[in-house]
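Following are the structures in question.
Shared chain: chain A. Partners: chain B in the first complex, chain C in the second.
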Partner chain A sequence: MSSISPACQTLKDEYDACFNSWFSEHYLKGDTTADMCTNLFKKYQACIKEAIKEHKITLWELENEPTTKKN
Partner chain B sequence: MKIWTSQHIFDHDWATVATAALNKYPNPVSPSVIGCDVVDRTINSSGVIHSHRLLLANWGIAPALNKIFNMNELGYASEHSTIDARRRVMTARTRNLTLNRFISIEERLEYTEHPTDSSKTLLKQEATINVEKVPLTSYVETLVAKTINTNATKGRLAMEWVIDRMRTVPSSEPTEQLA
Partner chain C sequence: MVKTYVGQWLYTFPWSQVVSGFWQKFPNPYTGHVLSEDTYYRTVTEDQKLISKRLLAKTNKLPRWGERLFYRGAASTIGFIIEESVCDLKQKIFTTNTVNINLKSLMTVEETCVYRPDKNDESRTICEKKVVTQGELFGFKTPLETFAIQRYKKNQELASLGLEFILHKLYLPQLPPPPVTGIKTPDTRTFSRKLSDKAKHLLKSSNNDTL
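This part shows the complex of A and B:
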């Protein structure tokens, strides 16, 4: 799957592979500790947030929704 | 406002369906989503994963809608999802970001383990459509509802395609790769 920003593609691929592995090998088996992919996610997320600014995208954030409760 | 709802049963367990939902794109059945990034993801103390994804899609909307909105066919959407492995519930809410001053479409999905057969998964889908500041409002809403219905059918077929691929491709290969 492509990233919306080519500059973030490698970081996305590395993070996605880590997350998918953690999800099936740990999370679905009951282990919810989530340190495995934290470092990869931080790098990927920083790249994406930069791309969002460049593309001037205004996201839909749930905190803006008065009727939504987060569990 | 127009509301559209639909229910479906997948002949697969919840873990399989949730994994497929996370890896739904790209797929050849519904090729509309061409970009997908995780903007934020956290797991809370109850073990629920909250994700916010940014999607870029070719809307594939009817030519009539294309003319009314005078847009190219690409648009962004925000998807907020929750995955609760303990309760076997996955939810997703997706809203368009592009053109949201004129038309707002929110789609909600809920995947739950079938109450009497854990080898199956229930899907409830709901879409709400609001159109403003363009002529022929109810006509546009009806057209959008038809498009959503077509895409929902494709979406379910896409899930089946992804699940089938998960079973035939060795797990060491990333599911995102397509020939």
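This part shows the complex of A and C:
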């Protein structure tokens, strides 16, 4: 599925693939530790943050990044 | 005043597969009006709940006069929606809440869906949906709400069919995919027919449709 910004597409695809794998093979089986995709998510999220600004959308979760964020 | 619609959908897939498929439901043949989907927030809580937030962009066709009034960049003809969800692994309850974050000067449409295993048959999942619409344009609130409910009724069926299609693709790939039948085109009409000059003036003089 397309990302809001073509610049983030590769990052999105990589993250989504990681997340889907983590969700079905770890999370649903009770292994809810969530470090597998953290790095990918951080890169993807940083890209999204820029893209969303262009559309003049403010999402507080992106403005105030919490210290612990997983997958 | 608000208008509410409540409905249900039964998926012939177990809960774990429905939730897994939920993340992968775009694109599908029923939801060509969804332009983009991005996860912008995600975390796992201490009690194993997965909280996710996604931003969706959908086409929102405006009549030509609307484009002149609303045009402030691309966002004016694109509807942005926030989808927040909580996956409760222990209880096997997956709850999603979606609401539009722009075009709120016209109306707000908020949908809540709760996915649970069917109590009588765990190989199936029941989705209970509720949508609440609130019109904002003075003098047109009720017709706007009615319009939004009717549009939602058509589109929620497409959304469910879309998820089913993806579930078949993911978990029953050996079978032919279900035929794409019924309503193929989402209802993207806007409330334009009844708007009088007075309403157009009100829209023009209302604050910027900021997000």
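A few points about this structure:
Criterion: the second predicted complex is superposed on the first by the 57 of 71 C-alpha atoms of A that agree within 3 Å, B and C clash if a C-alpha of one lies under 4 Å from a C-alpha of the other, contacts with A are read in each partner's own complex, and residues count from 1 in each chain.
By definition in this document, a residue touches a chain if its C-beta (ideal position, glycine included) is under 8 Å from a C-beta of that chain, and two chains touch if they have at least 3 such contacts.
Since we're looking at a predicted model, the values are computed, not measured.
Shared-chain residue A:Ala17: touches chain B; no touch with chain C. Of the two partner chains placed around the shared chain by superposition, chain B and chain C are both touched by A:Ser2.
Within the superposed three-chain model, A:Ala34 lies in touch with chain B and with chain C [touch as defined at top]. Applying the stated contact rule after C-alpha superposition, one finds that A:Lys56 touches chain C and leaves chain B untouched.
Shared contact residues on chain A (touching chain B in one structure, chain C in the other): 1-4, 8, 12, 15-16, 19-20, 23-24, 27-28, 30, 32, 34, 41, 44-45, 48-49, 51-52, 57-59, 61-62, 70-71. Of all residues in chain A, those touching chain B in their complex are 1-5, 8, 12-13, 15-17, 19-20, 23-24, 27-28, 30, 32, 34, 41, 44-45, 48-49, 51-52, 57-62, 70-71.
Interface residues of chain C facing chain A in the complex, by the touch rule stated above, are 16, 19-20, 23-24, 26-27, 34-44, 48, 50, 53, 55, 57, 73-75, 78, 80, 82, 89, 101-102, 210-211. Considering their complex, residues 15, 18-19, 22-23, 25-26, 33-41, 43-44, 46-50, 52, 54, 56, 76, 78, 80, 82, 85, 95, 97, 171, 174-176 of chain B touch chain A.
On the side of chain A, the complex with chain C involves touching residues 1-4, 8, 12, 15-16, 19-20, 23-24, 27-28, 30, 32-34, 41, 44-45, 48-49, 51-52, 55-59, 61-62, 66, 68-71.
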